[in-house]
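Here's the structure we're looking at; comments come further down.
As written, the chains take the letters A, B, C and D, and residue 1 is the first residue of each chain.
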Amino acid sequence: MAGSTFGTLFRVSNFGESHGPAIGCVVDGCPPGMPLTVKDIQTQLDRRRPGTSRHVTQRQEADQVEILSGVFEGVTTGTPIGLLIRNTDARSKDYASIADSFRPGHADYTYWHKFGVRDPRGGGRSSARLTAPTVAAGAIARKWLALRYGTVIRAYMSQLGPIRIPFLSWDFVEQNPFYAPNADVIPELEDYMDALRRDGDSIGARIEVVAEQIPAGLGEPIYDRLDADIAYAMMGLNAVKGVSIGAGFESIDQRGSEHGDEITPEGFLSNHAGGILGGISSGQPITVSLAIKPTSSIRVERRSVNRAGEPAVVQTLGRHDPCVGIRAAPIAEALLALVLADHALLHRGQCGEREDA
Amino acid sequence: MAGSTFGTLFRVSNFGESHGPAIGCVVDGCPPGMPLTVKDIQTQLDRRRPGTSRHVTQRQEADQVEILSGVFEGVTTGTPIGLLIRNTDARSKDYASIADSFRPGHADYTYWHKFGVRDPRGGGRSSARLTAPTVAAGAIARKWLALRYGTVIRAYMSQLGPIRIPFLSWDFVEQNPFYAPNADVIPELEDYMDALRRDGDSIGARIEVVAEQIPAGLGEPIYDRLDADIAYAMMGLNAVKGVSIGAGFESIDQRGSEHGDEITPEGFLSNHAGGILGGISSGQPITVSLAIKPTSSIRVERRSVNRAGEPAVVQTLGRHDPCVGIRAAPIAEALLALVLADHALLHRGQCGEREDA
Amino acid sequence: MAGSTFGTLFRVSNFGESHGPAIGCVVDGCPPGMPLTVKDIQTQLDRRRPGTSRHVTQRQEADQVEILSGVFEGVTTGTPIGLLIRNTDARSKDYASIADSFRPGHADYTYWHKFGVRDPRGGGRSSARLTAPTVAAGAIARKWLALRYGTVIRAYMSQLGPIRIPFLSWDFVEQNPFYAPNADVIPELEDYMDALRRDGDSIGARIEVVAEQIPAGLGEPIYDRLDADIAYAMMGLNAVKGVSIGAGFESIDQRGSEHGDEITPEGFLSNHAGGILGGISSGQPITVSLAIKPTSSIRVERRSVNRAGEPAVVQTLGRHDPCVGIRAAPIAEALLALVLADHALLHRGQCGEREDA
Amino acid sequence: MAGSTFGTLFRVSNFGESHGPAIGCVVDGCPPGMPLTVKDIQTQLDRRRPGTSRHVTQRQEADQVEILSGVFEGVTTGTPIGLLIRNTDARSKDYASIADSFRPGHADYTYWHKFGVRDPRGGGRSSARLTAPTVAAGAIARKWLALRYGTVIRAYMSQLGPIRIPFLSWDFVEQNPFYAPNADVIPELEDYMDALRRDGDSIGARIEVVAEQIPAGLGEPIYDRLDADIAYAMMGLNAVKGVSIGAGFESIDQRGSEHGDEITPEGFLSNHAGGILGGISSGQPITVSLAIKPTSSIRVERRSVNRAGEPAVVQTLGRHDPCVGIRAAPIAEALLALVLADHALLHRGQCGEREDA
């Protein structure tokens, strides 16, 4: 299928470029009768908005969303919800210099080879700015999940470059620009980012996403397993190079007698599975971990080529996130919400809803 | 969509249970005019076949595939290719004991909660046996890719439990039951597996998959990026708990000036991207890494519950792989081939084929 | 998507050629827990089976179906149901004569231009024989609909060539080889067919399909309306050239004050809508009408060309239906059942199930 | 799938309600490198715009389209094209009277039963106004087809209620408000419509759609045949109750020796097939015929019920088309363009492009 649609029954169709007139999406399949306001969506958009701290891009975007359809008298009608976000602070001239050459590690190169034409302004379609419509759509999905199942979806940063961030409490997460679950480490993170910015370089990060209160039974093996679709969603997020669920890569040297989560009448005794067994949700919390690479738009000079294939030295000015991981938490939450809402509807469609699920 | 279909233009619909009459699939969308014989498919099936060494399940299955349609006078016609594999060595009685209770870490539990009914024989639909049709379909995809682009897709085991396996040469990979790229480590692997089998336990593993000679431009951002679909395919493989591309989780503490692969007129100077930038293939080798968990069907006794929710002690007899990772290489190759073939057709559909791609 | 898949949640993937080893399909998405036996399916297959009267093709096919998966202890498990039908009475030599030239009005010509290769034996993939898997899949859909909603789906022939067949009673339909709802007209139909056969020619027909006991609310406007998907299904049936719903083409000269079905607390007073308003089922019977063209495989000599584009005279021997409409009733019923089952699951997924629906 | 997406590779996702803030769509999959301006789209929108003659609804809508994405420096980039049309002349108060009861023959009734909530203003989502985004998307598809294959797609009215309109010339079609291919009949049509309007009633119509210069080989049997998808598209158009291709319902009493189009080295000698054989385009003109019912929004009083199921008398004021068929021509053309563009891309994906196709 044309690649900009996400989901089957709870479906998002995304459009827009970083410096075009607007970005947005069509959210189709949201169940009818759900109260929905602009505020429900804006709250989530504001969490990923640029320019909110010195550690992220200084581009100033209000990211004001407009609901164009699908809501009547404050309630969803079951028809498509059109969402529109105007681009306001685009400084396209910043990109003139790189319009002709390819940033190492950037989609410049592949878009050019795929389409033979590209919008270089702000990365065009490949910009992380296009995660805004995803977050807006995810806000609708998470509200439906919360009302229907009491689902809670949260994410935090567990590592920034070399700095590991021990989990202390969810309470801290929304109180610092890093989505760190630990106040003590903030000064270290800030010093690291300040130095990085001076170097004109960028760094990677690790994000943990957790969904609680998920009914058992979501997932359509094989092939459309819940874990497969989560991996699809997360790996599709800009800069993500790795996705794991539950024990993830630590499963490699675990024995079956250690990894398999034992069950008692009171419930599971551990969660190495990350809430998914055989591609289907078990009812335990779903735990996902993301590896995010450093951004490729840096001031450091790199060797590259231009469209003619001639040597070029590339240095990216413009405004960029030195660590896209810093703003990734709300986006990862939104993606997980979209996958879960879609699978909840798929499951209800095929199996109806079981008391024990 | 009902969950057993994989791909959009190069599409596989999988059916079957471990101990039912047969397993198989329908491969729809394979381009017409390609020479295809049973041998092309059987060769790949034989690579994942059980019972070929003492380190895997002792179930004896010939896994003989029959082509039911889509091929006329040795050439594909562009119509669906029906593939059938009869189950021959099913010992269902082995499973009577666990039909009523749930193996910790196994899909027993979630299938029961999803469907309210399940075929417990050999894990039924959740059995790794259902990867056979995937391998058969993948054999068709890889042949088309090889003929069309000269694509070569290979995989090897880089870690078995605690034992890391340094890459020496592809030459060794097909010469040992572990798909290890290193002959020196074989004795250690065999001793480890023998001891594990005596303990009645299981272990995880890590698999590396590499695809070479891929045209630049495959992938449909956003959302249907090539890396997203690879993650979907790999995470959907039984027992996989983690997927990474290129530098993967090592990207976390890399700087942009280190991670971004520089380009010269002669080509890229490194491949941290794993052959994919912005969700689109760059023409470099695509490198994927999988974390495979230990199987849950072990002789070690575990605590669990039965359908009534009462405490139960579960011990799995029957015949099982103590390390499903051992047979995962050909399956991972097949999945990557299916994703690449599908994206090659999608790209050709939207963009035609460019000289420079 | 590759074209051989039908439906979204209740999905059928069809494979096979007229003279290949076998034909069949994978039915994915059938809800779990439904009793299902071979007899449920065979009963429907027998209704469309060839060779049952002198008025249809004399090819003798038992059309014995085998259930390969998805059913355990007589009950559906919610996993894909693999269905297999072996071809037994293939006389490929009959087709040698036309392998090189194109039958006027036949898919020979277009398959050749699309794929550049084709299986000419019995029409290969384009043969009406491929409706057998559709009927088998439809048998599963109709059983689910009957158990879930009490749905009854029936079809009859309302016109054979120039002979209009007034509807008298459903009781007659299964008692004659024409699916005619009127015993008095049988002799006339038989005489007509006997004369036609002597001429070596073929004729068209009109089929009416009616589904009763359909819940209101099925259909996903816009675009995936129930009427749109019914039209897709019916026009996709071999030889169908026209599809109408309710008043159909008679709506053209109706006034709104005549066409619009008035409603009283006791229900609708007419059914010009054919049970569908705005693309959504109203709860009234769904009525569909099909125009079926005469088959192109006739003994009468016709002008055509061969692969080289040179003039050729084509005369089709082999065994053919002089009126495919005669066997179309059970196929049209199956297609309607598949569309309705799919939309019932889609509706349950998005909206849950409403008491008043 | 959520129902508001149309097409696979050339895909449209539609949103909006008649009296909401805006309507529009996302067009995903348009090949890159095609020149595209607002004018290309506006020209087609203006052809279906309301208020252009006394014979259609007097609602005044500029239907000004804005391109939000997917076009850079006047050329498509291969990324989604977001299209936005603001609603400007909404008089919602007109509908207060019918918010609680159901118009006979209208989607009011079924939307209510499906969703349990609806936007009654101007018919909300079920309004023919939602064909505007389809026309806008179709304008992009038809431009691509024209540039790529020289395809020409046109439609005309062949019958208005009881008045048959003999085809004289395409030249007349764009010169009268009825899209009639015959100037002589215009006075009769105008008198008929004036009388009808005085009666406060509505009437049906018949539309013929023709696509010329279509490559042979488009269509994916079975099931996604070109004729099946055309039927899906056309039956999904508001008020359409019947669709036929080529000889359509006249095929019923044709003999095979009459219906089958003979072929000579110079081409086909007739076109009863309507350009499609076995679900695949033959290269001949594709001819489609539509039966359009009279609108249900009329001033004539009708019997109905309200939400409580109590008897009600319904009379629709507001502004409505007494014959939606009058404005259907450009919409039907757009739908055919969308189906053809999608199948052209699907065919190119699976088969590449053949010289002889």
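Convention: a residue touches a chain if its C-beta (ideal position, glycine included) is under 8 Å from a C-beta of that chain, and two chains touch if they have at least 3 such contacts.
Every value quoted in this text rests on a predicted model; they were computed, and no experiment measured them.
Listed options B-C, B-D or C-D contain a single repeat of the A-B interface, assigned here to C-D, on the basis that more than half of the contact pairs agree by residue number. Looking at which of A-C and C-D shares more C-beta pairs in contact, the answer is the pair C-D. Chain geometry summary: the mean Cα position of chain A and that of chain C are 45 Å apart. In terms of their C-alpha centroids, the spacing between chain A and chain D amounts to 38 Å.
Taking the mean of the C-alpha atoms as each chain's centre, chain C and chain D sit 26 Å apart.
Listed for chain B are residues 1-5, 8-9, 14, 29, 32, 78, 114-116, 125, 346, 350-351, each touching two or more other chains.
Against chain D, the residues of chain B that register as touching in their complex are 1, 8-9, 29, 31-32, 78, 345-346, 348-353. Listing the residues of chain A that touch chain D in their complex gives 1-5, 7-11, 13-17, 20-26, 28-29, 32-33, 66-70, 72, 75-82, 84, 114-119, 124-125. Interface of chain D with chain C (complex): residues 1-6, 8, 12, 14, 102-107, 109-111, 113-116, 125-126, 130, 159, 161-162, 196, 201-206, 216-225, 227-236, 238, 240-265, 269, 272-274, 276-283, 291-298, 300, 302-305, 309-311, 346-347, 350-351, 354, 356-357.
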